[in-house]
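As structure tokens, here come the structures.
Each of the two complexes below includes chain A, the first together with chain B, the second together with chain C.
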Partner chain A sequence: MKKFTFGWSVLLAACLIMIICLPVWGQTIKIGVIGPMNFVQGKGHWNGAVMAAEEINAQGGVNVGKQKMKIELVKADSNEFINVTDAANAMERLMTQDKVDFVVGGFRTEAVLAMQDIAMDYKKIFIGCGASDIELCSRVAKDYNRYKYFFRGTPFHNGYLVRTSFAHLATGGAAIKKELNVPVRVAIVAEKAAWAEPMVAAAQAVIPKMGMELAGIWRPSAVATDVTSELSAIQKSGANLIFTIFSSSVGITFARQAGELKVPALQVGINVEAQKDGFWEATKGMGNYVFTMETYIRGVEVNKLTKPFVETYFKRFKETPTYTADTYIAIKHYLVPSIEATGTLDADKIVAHLENRVFEVPSGTDKFEKDAQGQPTHDLTWGPGYQTSLGGQWQDGKIVGVWPNKWKATPTSPEVTFNGMVPIKLPPWMKK
Partner chain B sequence: MNIIISGLIMGSMLALLGIGFSLIFGVARIVNIAHTAFYMLAAYFIYQLSIKLGLNPILGMLIAVTTVTLLGLLVYKFLIDPIREHEGAVLIATIALAMVFQEGVLLSFTGDYLTVDFLIDGFFTIGGVKVFYQQLLTFGMVLLAMAVLWFLLMKTKLGLAIRSMAEDREIANLMGMNESRLAMITLGISVALAGFTGAVLAPLTVLNPYMWMEPLIMMMAVVVLGGLGSIKGSVVAAFILGFAEAAVVFLIPQGAFLKGSVALTIMILVLLMRPEGLFGIVFEEER
Partner chain C sequence: MDLAILYVKKFYKIIRGEVLVLPSRISVGLFFLVLIGLPLITRDPYIIRIIILTSIFAILAASWDLLSGFTGQMNFGHALFFGVGAYASALLNVHAHIPPWGSVPLGALAAVMAGLIVGIPCLRLKHTYLALTTLAFPIILLGIIFALPDWTGGELGISGLTRFTSSLLGNYYLHIITMLVLCTIMWKITDSNTGLIFHAIREDELAVKTAGINTTRYKLLAFCLSGFFAGIAGGLYAHYMRIAGPSTLEVSMSFTVVIWAIFGGAATIYGPVAAVFILFPLLEFVRFWPEYRTLIFAFIVLFTLLYMPEGLIPWVRDKIEKECPRCKIRNVSTRKTCRICTAGLD
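Right after this comes the complex of A and B.
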């Protein structure tokens, strides 16, 4: 009887400890980080989120009403480059098994559209940090009650990507006119992918209006491993400016082979591979003078938040953040201030608060757009004073900021120049 | 000129892959879908040895081809040989094997795009077309590999045995040839060719865990167009498809991405007229 009583006492004490501790274990905000984790984009998603969680937790956590809650991240590999179904399953798992409170991430539009529907089914806030398709936010305006839980984190939508690219193209064209005093002939080289189609169509229409000649359009496969044929044809066409639209491995192949063959033309546009620190090594240094749209460049400050973020990230992960690392912004600047302001994890209350905020983030200032009818789209506002992104050029082993540098969005707009900009350079072999 | 030079380079690379695949199919009726996965492995080995470990690139290539060949022999012994009589099972097993290689590479190297150095930097111009020295070197090495293979098949006892087995397995068996051993040796040669292709192509391509899929389709097209199991057919078909791809890029710049589809369409058209492929009849009759 004595043994029995002792045994029961121990068990009772253990139960009591568990009951007392349970609320402590439960006091976390679970955030799902979803992305292609074996690829650089997914690594960016995860690293950005880790940095945000570490900073917030180091300060004691998030004030939710009278409670202090820590952030707990849940990693979900979407495998979305290979299989959209895997991405949908990963999101479903976050909702049903991991029971996360919020989700950040996603990269490929086709996958994010599927993930978005699942998150909306569960009424969970999902901040997209990778896909640019405008449809993701058009859905919010069209069916607000269902899709209001989706917000665009990064990048701005593909319509604005086009506008920014044309501003970059104009910068490249102006440099050629100024330094070489020759007419600018543009070759459009776009990988064969759905996202590039509207950009090619727009470029065809806009380039002649910009006072430049169109030399031709080339559409290699997104995974082409040899573009020497295209490069020979481009050189034959007399193009001195190449408008690139690449998100895949062809960006490396094209830059490497064009540099190796010393094709006398400046490459300007979107080359996602050129946004990464590893581009120089991947092209064996042949990617010199490649100009691409960028989000973060070491030494370039958009506002006071840029440098601390970029340098801390670099110190922590030994690389410059790419745009998918904006999961940091999604957690630290989107979610946490709105949770603290509303004092709750209730998605509807957070949505109502978040969609009306205007706030600084390391890449600019975020303000969520409304459509022509005044309906919220949760898309990012583009333009001077908001988000513009950067133009970076590889110059002798490192990427430097070359845009916006005295850029005027319209003839009457004020000039925009971010701290740390340097002049654009033409490849020396263009001058012969 | 552009079309000729690009076509020659593309064709020679396809030929090397096609010959290896055709060889093992002709001799042992093994449809090795993992053939281009061995090519991928060799390229990654070279990256690991020459870029990560700083080994001499040529030494790296030799080690890569040897390692991949040994791996191929192990695969034959433990995976293919036990199920060799069931062609469907071999086909599925080698698909699974290729997926295992792919996932292994993804885990080890991640999905990041990687490149290796050219053995010779620079380019020269011929007929207004710029050609990398590395492409010329690759083309030369491919021709050399083909010459060595021709010598091996036509001028050695082993080659005679392989050809005999390809012509009639049963008779070769009755003549005392060890069919399984010969199949293993042939698979070794076939995988070595895939590894060699990966080694010489690595500097000209971008490495990623899915790089085995695209050449697999083109290699199958080469083999089917040339006539299943016909080495001569594979060489001819490889150059036809190589020139077709180059012509598409030059003649339809906006449709450059269609080069694979056009090449496959040519294959279908030829097969409609000659269902056995370009050099399939004699081979099949001999069998």
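Right after this comes the complex of A and C.
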């Protein structure tokens, strides 16, 4: 009898605990993570979101009014590099089958535009973490009532990407002038891709205004496996600074062959392949001194949040986070504080709160912009004190931060230097 | 009233005598009924979306079959017509503010023009050379689109298009009825004298020429008709997706259409339609296994074509129906004698 009573007491206690806990744990906040999951960009989306969800759930979840709710992630493969229709279907599925509360992710602009429309139809907050085109946020300003649920998570828009690249170019030019005391001649090398066209046109116009000479423009294929003819021509042109605009595999080919030929020029610009941890192995060490735009570099601290994020991510996934892993920021720093502050999952209330916040994230400080008419665009503010991104250079087997290092956005602006920056290095064969 | 009864009786007689006698015709009838009645079973926006997109791609696949399956003009750049239809509709809708009711037919006319532009230089080409030349045209257009971003939106495409209607059911019925009507028209074309000539051109163009038929005119007609239907599909797609982008012209789009048509059975019209209705929802169904989606798709297509080289639908049809050796009328395979001439079927 005694045993029986004890057994029943345990069962009763268990039932009571379950009844008490059910309302707390029973409901979850469903967040859809959409991206090209079979590609590195989608893996970044998913990893960042997983890390955010794990951290938040480990702390007990999100306070929604008087309720504590855990985060549940729903993975959606958009397959957007191959099929835009697939991407739109994946978004519709998230909205109607999985019934998510929020969505983060997206990469290819054409697909994100289609996905954005679907999310707006259902009035769900969608934080874009990959596409850079300004059009995504121009839509918010043009038709605020429909598109107000869209926010840019990362990266800042393509206009600012160009500005940052020119700041990097100026840094490279200044280093050449200082160390070699020669005029700077710039070769523009951009892969044959539509996204590179406006950058090439802007670079052509801006380089002479920056006090540098334009040595020429070269446009190899985005998937070229041999660029020796371009490199020979660049060498003959007397260029000592190469402005690279690469997002595809040509970034590896170009860096490797330039290193093999010891082309006496510093490579500065965008080289997406050089942002990856495997770049050193891929170029067999020939990618030394390649300078590229970066979001995160181990050892560089933009603020107090950077190091914990980068190191935890590295420990968890054995790689440095790329910018699509900013789904972490979208969940942990965009959504959760606004949900907790408003005490609701109501999208309109969260939008009203989120668009007026200024807050620190591991990559800088986020503030949402307004257009000239004062209309919110939900785009990220760029510049000192906000988002600037980083400039990283491969130096002897690892990528180190070299920009911003005493950078002044305008002559009157304060200098910006992040912790962990090291001086930029010129390839030794330039000095011969 | 008597007239109505007469018509009902006549309709019943046709159904009993012409439709219910063959499993393939019953299947087509059921297909029509299921599509029209689907909203009575479910109004899930996701399912409705999949059916709408399937219908659009069914028009596209059937239009390829009209040109390449029937006339034998191997087109590996069918995305050109789809893309021209999509972009023309989008430009007219966004810049000229023409509603979809006007922009889609005008987009289809632009695709007809594209059909002529492609058709004329391709008249002298055959087989592999024709296939490779047609493959080049959407790539050329893609280059033009990237070269004129102020007009075409460049890499982003043209977004912000209006839909035909904001109603879920309205969109559903508009797309499926358009698909059923257009596919029926295409099937009727192939069943007409023109269709016979198309067929004959594929089999032996020289013989057709010697019969005094202007094959050039018919080949151009095939290009234009195919362009028209594919252009309608492109316009419908752009307005439904609310964006016309470079993806509509990608090589993968051209090849997907070929895969659909060959999988279902070329030179049938209904084969490609059935194939899209099998393969497109299937790809959505296997979303639970994202890493292997494309692999599963490839295996199914390969397996089917390995064992059913004529395509899935003709294979199934041959299993359930037999052709009378004397009068060539089709009969259900369980019959021992022909339903028309009573000749033995075995």
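Here, the second predicted complex is superposed on the first by the 406 of 432 C-alpha atoms of A that agree within 3 Å, B and C clash if a C-alpha of one lies under 4 Å from a C-alpha of the other, contacts with A are read in each partner's own complex, and residues count from 1 in each chain.
FYI, a contact is a pair of C-beta atoms (placed from the backbone, for glycine too) under 8 Å apart; a residue touches a chain by one contact, two chains touch by 3 or more.
Everything numeric in this text was worked out from a predicted model, so none of it was measured.
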Three-chain arrangement built on chain A, chain B and chain C clash or fit: fit
First, second, both or neither for A:E197, with chain B first and chain C second: second
Superposed arrangement, angle subtended at the Cα centre of chain A by chain B and chain C, nearest 10 degrees: 50
Touched partner set for A:V84, first chain B, second chain C, both or neither: second
First, second, both or neither for A:A174, with chain B first and chain C second: neither
Touching partner for A:R93 - first (chain B), second (chain C), both, neither: second
Chain B or chain C, by number of chain A residues touched: B
Touching partner for A:E110 - first (chain B), second (chain C), both, neither: second
Chain B versus chain C as contact partner of A:N38, first or second or both or neither: both
Closest approach of chain C to chain B (Cα atoms, Å): 5
Residues of chain A that lie at the interface with chain B and also at the interface with chain C: 38, 82
Touching residues (chain side chain C, partner chain A) in the complex: 44-46, 49-50, 53, 146, 149, 154-157, 159-160, 241-243, 245-247, 252, 283-284, 287, 290-291, 293
Chain A residues touching chain C - in the complex, by the definition given at the top: 37-38, 75, 77, 79, 82-86, 88-90, 92-93, 95-97, 109-111, 113-114, 117, 133, 135, 139, 194-195, 197
Chain B-touching residues of chain A, taken from the complex the two chains share: 36, 38-40, 43, 81-82, 191-192, 216-221, 223-226, 228-233, 235-236, 249, 252-253, 256-257, 260-261, 273, 278, 281-284
Interface residues, chain B side, partner chain A - complex: 2, 6, 9-10, 106-107, 110-115, 117-118, 121-123, 128-132, 135, 204-206, 208, 210-211, 214, 246, 249-250, 253-257, 259-260
